[in-house]
Every structure is written in structure tokens, then in C-alpha cells.
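Before any comments, here is the structure.
Labels run A, B, C and D following the written order; every chain starts at residue 1.
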Amino acid sequence: MDEWRTAIVRSEESAIWIHGHDVTALMRQATFADTVFLLHRGRLPDERERKLIDAILTSVSDHGPGAPSCATARLVASGNRQSISAAIAAGILAIGDEHGGAGEHCIAMIANGILDAQGRSIPIEAGAAAVVERAIAKGERIPGLGHRVHRTVDPRVEVLFSLARGGNEEGAGVRFMRAIHAEACQRIRPLPINIDGGLAAVLYDLGFPPEAGKFIFIIGRVAGLTAEVAEEYAREKPMRVRIPVQYDGKAPR
Amino acid sequence: MDEWRTAIVRSEESAIWIHGHDVTALMRQATFADTVFLLHRGRLPDERERKLIDAILTSVSDHGPGAPSCATARLVASGNRQSISAAIAAGILAIGDEHGGAGEHCIAMIANGILDAQGRSIPIEAGAAAVVERAIAKGERIPGLGHRVHRTVDPRVEVLFSLARGGNEEGAGVRFMRAIHAEACQRIRPLPINIDGGLAAVLYDLGFPPEAGKFIFIIGRVAGLTAEVAEEYAREKPMRVRIPVQYDGKAPR
Amino acid sequence: MDEWRTAIVRSEESAIWIHGHDVTALMRQATFADTVFLLHRGRLPDERERKLIDAILTSVSDHGPGAPSCATARLVASGNRQSISAAIAAGILAIGDEHGGAGEHCIAMIANGILDAQGRSIPIEAGAAAVVERAIAKGERIPGLGHRVHRTVDPRVEVLFSLARGGNEEGAGVRFMRAIHAEACQRIRPLPINIDGGLAAVLYDLGFPPEAGKFIFIIGRVAGLTAEVAEEYAREKPMRVRIPVQYDGKAPR
Amino acid sequence: MDEWRTAIVRSEESAIWIHGHDVTALMRQATFADTVFLLHRGRLPDERERKLIDAILTSVSDHGPGAPSCATARLVASGNRQSISAAIAAGILAIGDEHGGAGEHCIAMIANGILDAQGRSIPIEAGAAAVVERAIAKGERIPGLGHRVHRTVDPRVEVLFSLARGGNEEGAGVRFMRAIHAEACQRIRPLPINIDGGLAAVLYDLGFPPEAGKFIFIIGRVAGLTAEVAEEYAREKPMRVRIPVQYDGKAPR
């Protein structure tokens, strides 16, 4: 077999480096948010960048057992108690474009929208309006808006935006997302920016590519999944979940 | 269906709490390591505890594409590029007692060994010797010892133990693991304490139960898996992996 | 990397063989149950063996969306519609000792019980009574008994046993399982042999090892999982599942 | 929680029905291929339909440990021996558009191509030529063509097509796929129809929708995955796989 190439980790008998940083030095001086940033960007973050990674990871870490990812992990823990990995992995599998993964498309929407606005020399707000216009015309959902629990405001988003701002003005990504939101509220109906939209805007301003929307969500959520599975083991009996089923197919022959 | 009970997350229209802490407050003031600790222990860590969680998560975050978890994630990314979740989840599934999961059994070994020594009023060192004796008699592997890359010393372990010590003396878990190691080196052969053994000793001293050995490893490793999958997408073609196969079964009929 | 050895499949540019059988010949002459048997046993089954594999696979193929495996697959399809594989894989992860996997332990119980009875030259029935006695003493569940839907009789079991019998007398595995059942009904409480117990007895008599209990269950259940996921895609909106959650932890600070 | 609706399985205390067929009757009279067809189509297949389902399931059941799905299952079995489900599930996760899943897009290509030809009242062959033309213009791969092992002919395809034909003429799907193949060989380069393309053409002619390309592949492949995992457990030590890694990133600092 060919060798597998990597530019991330170098591992030898007596040392391991991540993007050139000795792991033992990172253990002494860095936080886990530093490591996450380093793994994806090839350099350590500055103070503000680290703070934002921490805030994003915490913001999506857990939303309770009603979220599909947590419910899935608990269901698997209910039928299969031999493998912690199985329960956590199943929870991650529930993360897709419809749950927790909208950030990916949202970063792409922001990136394309800003590029398009720049190309046409129009303000970001006009670019955002065009995006909303197209979505309405095509009957498509706009990623990053709406939440089934937080129906008017997702409380995590404004905190994230304020941390991102620091003392300075807002980045292009946040401004674009705000413009999308304003336009959608007017043209469609009042909907909050959800945490996927919030982290997408901030990750865009931090220079992350679209896939980071899913990667970072998954890292954060895994923390919650482990706690949910631990609680399921501690409090609940195996096979406790009973889904009520209604059959509406063919009658018995 | 019955309601699903939880004592971890409370989620309402305008707020989310983790063990009573408002998530927006955590986003402003806490790090992700704080959140991980809070999720599992129901309280925020002190400075030293946070530092140790950060160090452990970083220490296991990535060991390169040769590790089964990373290799699995990359193989899945090679055949299935429609779902980031699928690749990450598959990587997690490779984590078991044989890879990355020895920490769980190691914490149990430490906890039982210390309990046993206390019950018999013998020193920790004598308790550890008894554990090694039993493992030799049964022909069983001792969890937390040996590493296929770091054959003499796992460089991460001593760093972790020094961070755990702070200015004080070592905890019972670290002392027990050191005694296991010394005894095994003498009775079996020179083998390093590996990172599973290192984090097990420290997590025991921090008050974590055995399963935390797997939970914490998984949280840390997921960060590396996301970076490995991102690199696979960026650098490699689909279906690039070629496993050389040798058939040694029945001849064609 | 070392070559990966296998005695199952030989694959060349112009032909593929499974245990020496040309796959194209199998496609013409064999059924899928034949292939399943061949893959695991290295030879094709006879008529009665094939019939039993077919019956077992059909018997466990689907039990509706209330079963943890199907519910998990549907939950994942609800949050992640990008990957059919993700939903099916998650469904499989819910299969463990507590759901669908009891067959493995049941075959081991039968194999050990019969071996023990033979070693002590006692009748199978006395061996089974000893197993039940031990389970009661240890407070352990006996695998293969009881079902949360089929509370008095699992209708699939007697059909399977009658197919296994053919015109002949029952095999040792079925007789042992019947003896376990009779003893447990008397000593514990009336409980049916469930399908895990049924297929375990029959697979034991067919010469399969314990793990086959899980392997065969998984092959059968995957058929149902694909249909359940297809129905979820066709009939239900993403994120439709709402789990009712009750928080009983710390009050907000 | 709302009830989960289903038209597939009705399950009561004393009976289970699949699309109105009593499962115990199916166990007596049907094969597993019948059950697979019934689950997806709501009726039992005729003789020829059953034969084709059997042939397709067998054709994709296993291609040896070099295939990404099998290699993934074995890697997971190497690191995590606590859960058979984990290894099988990981193998399934490797199935995507790039491995084993091309059938889905291929059925869609055939269905759209035939619809388009009918709408424009042109022969199927002209419709196929237009599809190839478009793929060349866009630089896109045509699904169902080419195989990394079977470089000139995939031996399974012609057998499948001959079984599909029976005594009659070929169905529109097979003729369309043959036309795609002929055109691609002339316009691009000689490439075989692979098994994904073969099963796609036949499933289209049997009336299956595009997703069936993945569903049926997964059902067949799971049989092989279980055998590969059984062999890994029986023949190989945990952690046996060594992936050779080449680091080409930043130098240690």
C-alpha cells in the first residue's frame, strides 16, 4: 500500500508534533480550543480567536435529549450497552444539513454572497437581499434562520456576535448574516438567526471554509453526547424507550 | 411515549442552562474544557482541574493517520464523501478497549486496586504488586502499559503527571499507576505507561468514574478526526486507498 | 503495510470467487440465503439448511419503527438526509445484547450447557435446570426469554422450530432451549421463548458459533432498516421527531 | 410525542404482518429475497423478480478486504472488539457515491434519460448519446462505468443482464445502459459497465426508484461484512493494522 501522506501530525518514538508544535508543549501552555484551531488552521489562535472557538464549542455542546443527535445516542445506549463508541457515533450520524449541519451551507452562502456583492460592487446588504430574493423564488429554505425551540430569538447568537466584535466593528460575515436576517423577516416572516447561522457568520469572519460549520459543531456536540450517554447508563434501564406506533398500511390478508 | 428525564440541560424558548449555568454566561466566561467538566461533574472546575482537562484533551487529540480511528475516518471519507458525520462517526467506532479505550479499564483497575489496598490496610505499592501478580497468573494484559509507537516512553505521560502534581504530592491514582508500572517493568518487561494509563491515573484523582476514560478520549480525538477528514477531502481523491490482499483459502472449483 | 490475508474472497480482473465458488455461478444457481451460509461456513447449505436461513432472516427482518434499531435509523434520517448509509449504520449500532443481540449469549449458553451436561453424563433437561438455577442465584436474566410486545408467545419461534425439525426429532439445541423455557416458566414466571432464543437454538443445531447470533440478526434486520428509512424519506419531513423532555436537575442559578 | 406512522409492519401480541403478510407464513413459504422485495414494493415478487433480487444481492455481497467497506469493518474490529455492530456499521458508512453507491445516481440517470428520450420522441440510443455528450462537456464521471479491479469487463454484469432477459427482449433500462456504455467507449475510452451500472439498469426495469441502488447494495454487502468481521476476529490480533505514514508538513519548531 502507498504511504498515507499528512501535514498535520508527525509522530516519532519520543515525540509528537501537531503542525510543528510539540504536543507536550501544547499540553503545558495551550487550551483545547487552541488545539482545535491549530489542527484546522495550522497555527495557534490569538486571544480573541481562542475566545470565539471556546464560545462556539460551548454554545452547541448540548441542547438536551430532545435534539436528534442526543436522542439517537440515548436510543443506541438503550439497545447496545457494550460500546460507548457506538452510542456516541450514532449521535454524530444524526448531524446533517437538517440538524446541526446548516452551518456548512450557511458559510457557503455568506462566502458566495459576499464574493458576488464584491464582484458587482454593490453593498453587502444588497447582496444579501438578492440571496433572499432567489431563495423565495426557488422556494428554498435559507440556512441559519429559525429554530424549533427558540422561536423568536436564539439567545446564543447575540452573545457570540458581541464576543466576535470585541471593541471593533462587525466583520463582513456577521453583517451579511444580519442583512439576510433583516430581509427574511420582512419578506418571509419573523425568524431568529439560529446558532448555525451565528457560528457560520463568525467562522467565516475567522477565515474558516464551509465544512468547518459541521466540523466545529460536531466537536462541540460530542461533549454533550458523552454526558447524555453517561446519564442514560446511570439513570435508565436498557430497552426503556417505547415509541408509540400507528399502523396505517394494508390490512392483514 | 414517556417523557425523557434529564438533569443536564434545561432548554426554554429564551434560555438554555447546563447544570443550572446559563449557556450564554458560559460562552462569555468559560472555556470548552470548563464545559466538558461541567457536563460530566455538574460543577465548574477549578484552575488546576481545567488545566488537566485541557492537557488530556490535547494529548489524545491526534496521533496521525496511522491510528485506527484516524485511518477509519479517512477510509470512509474515501468511499463516502456525502456525509462528514459518517467519516467522523466511523473513526469513533474504531475506539474500543484495544484502541484509545484502555483508560476505562485502567481507571477501574486503579479504583479497585486502591479500594482493595485500603480494605486490607496495605500500602498502595503492595496493592499494585498484587494486581500485576494476578495479571501474570491469568496471562492478561495490564491496561495502560505499552504503545506501538512510543516503545520506551510515551512523552505525554510525564507532562500530564507533572501538571497534575502542581506543587503538591502526587495523587493516589498516579502513585498506584507508577507502582503498577515499576512492578510490571521488573516482573514482565520494560514497558512505558501509555497515555491511556496516564489519563486514567489523573482522571481517577480528579474523581471521574471508569467510563470517563473513554468519554474524554473520544472528545479529544474527535478534534483530530475532523482535521484528518478535512485533509483527506482536500488532498486525496475518492477511492484512493488500495489495501494489498493475499488470498489463502480454497482454490477455485 | 502488510498484506491483508483472507480465505473468503478471491478477486481477479475477470472473476470473483467466494470460498472457491465463482460468483457468477452463484448468481445463476444460488439464492442469497445460500450466499450467506457459504460466506460463514465455507460450503453451500442443503435444502433444509437454506430454508432455515431464509426463515430466520425473514423472522427478524422488521418489527416496525418502535424497535430501537428502526427508531434509531428513522431519527438519523430525520436529522441527516445526505447519507442513506448513515441512517442504516445508526440502526445497526442500536443492536446489542439488549436489543436483537441476545442470540449470541443464548448460543453460548446452549453450547456450554450441553457440553456441561455431556461432561457430567446428565440429561440435557437436568443441564438446563442447572443453568436456570444458577441464573436465579446470581439474579441474572436468561437470554432468549421474554419480549416486550409478545408477552405470552412469540409467534415466530414455534414456526422456526417446526421448520428445523423437518420430519425428524428435534436437535439438541432446540431441546435444551425448550428445557430452559419450561424450567424458567416454573421457577421464575411464564415467559415466552423470544426470536433471539429461537434462532439461537436453531443456529446452534446448524453448527454456528455464538457470534452468528448477532451476525445473522444484523443481516436480516438491515432489510427492514432500508424499508423503514425509505418510508421515512417518503412520508416524513426532516426534524419531525419531537421527544418530550422533563428536566429534573439543578434550578437555574 | 406523536405516534410514528408506518405502512410496513403491523405488530401485535400474537402476530406480525409485513405489508399485510403474516410473518410466520412468510417464514414457511417465502425466501429472504421475497421479503426484501416485499418490504420495498408492498407485494411479493414473481419467479423472475425473485431470481434477480437473489442474483443482485449475491453479486455485491463481498469483494474481499480490499474494498473500502470491508477494510473499514476490519479496521474497526481491530481497535474495538466489544461490539460487532460497531464494525458492521462502520463498513456500511464507507458506502457512498464513490463506493457501492453509484447505483443510485445511475438509476436516476437512466430514469431521466429515458423520460427525456420519450418526451423528445427520440430513440433510447440517441438519448443515451446526449447524456454522454453532456457528461463530457461538463467533465463529469458517468455513474456505472469503470472498476478499479475489473478493468475491461465486470464479470457479474453480463450474467445479471442475461438473467434479467429471461427469454424476452431486454428492458429499456438495460438497453439504455448498454447504449451509454457503447457511446462512452467510443467517445471517452473503453470502460466496462460495473456492477453498480448493472444492478441500476435491472432495478430500473424492475420498477425500483433511485435510492434502491444504495439500499439493495447495502443489504447484499452486509452479508460479506459479517463474514469479513468474523474472519478478522478469528485470524487476526487486535491493533494488527499498521498504516505507513509519511509526514510532509511543517518542521518541528
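Methods note: a contact is a pair of C-beta atoms (placed from the backbone, for glycine too) under 8 Å apart; a residue touches a chain by one contact, two chains touch by 3 or more.
Note that the coordinates shown come from a computational prediction; the quantities given were computed from them, not determined experimentally.
*Asks:* Starting at chain A, how many touching-chain steps does it take at least to reach chain C?
*Replies:* Counted as steps through touching chains, the separation is 1.
*Asks:* Regarding the chain C and chain D pair, does the interface count as same (over half of residue numbers shared) or different (under half shared)?
*Replies:* same
*Asks:* Between chain B and chain D, what's the gap in Å when you average each chain's C-alpha atoms?
*Replies:* The answer is 37 Å.
*Asks:* What whole-number Å value describes the gap between the mean CA coordinates of chain A and chain B?
*Replies:* Their C-alpha centroids are separated by 24 Å.
*Asks:* Distance-wise, how many Å sit between the C-alpha centres of chain A and chain D, to the nearest whole number?
*Replies:* Using C-alpha averages as centres, the distance is 32 Å.
*Asks:* Among all residues of chain B, which ones touch two or more of the remaining chains?
*Replies:* 1-2, 4-11, 15, 64-66, 71, 80, 82-83, 85-86, 89-90, 93-96, 101, 241-245, 247
*Asks:* Hey, how would you classify the chain contact layout here, line, ring, star, complete or other?
*Replies:* The chain contacts form a complete graph, every chain touching every other.
*Asks:* So in the complex, the part of chain C that touches chain A is made up of which residues?
*Replies:* 1, 64-66, 68-69, 71-72, 75-76, 78-83, 86-87, 89-90, 93-101, 148, 238-239, 241-245, 247
*Asks:* Given the complex with chain B, which residues does chain C contribute to the contact?
*Replies:* 1, 3-11, 15, 17, 19-22, 42, 80, 82-83, 85-86, 89, 93, 243-253
*Asks:* Going by the contact rule at the top, pick out the chain B residues touching chain A in the complex.
*Replies:* 1-2, 4-16, 18, 23-24, 26-28, 30-36, 39-40, 53-55, 57-59, 61-66, 71, 74, 83-86, 88-90, 92-96, 101, 104, 149-153, 155-156, 159-160, 163, 211, 214-216, 218-220, 222-224, 226-231, 233, 235, 241-244
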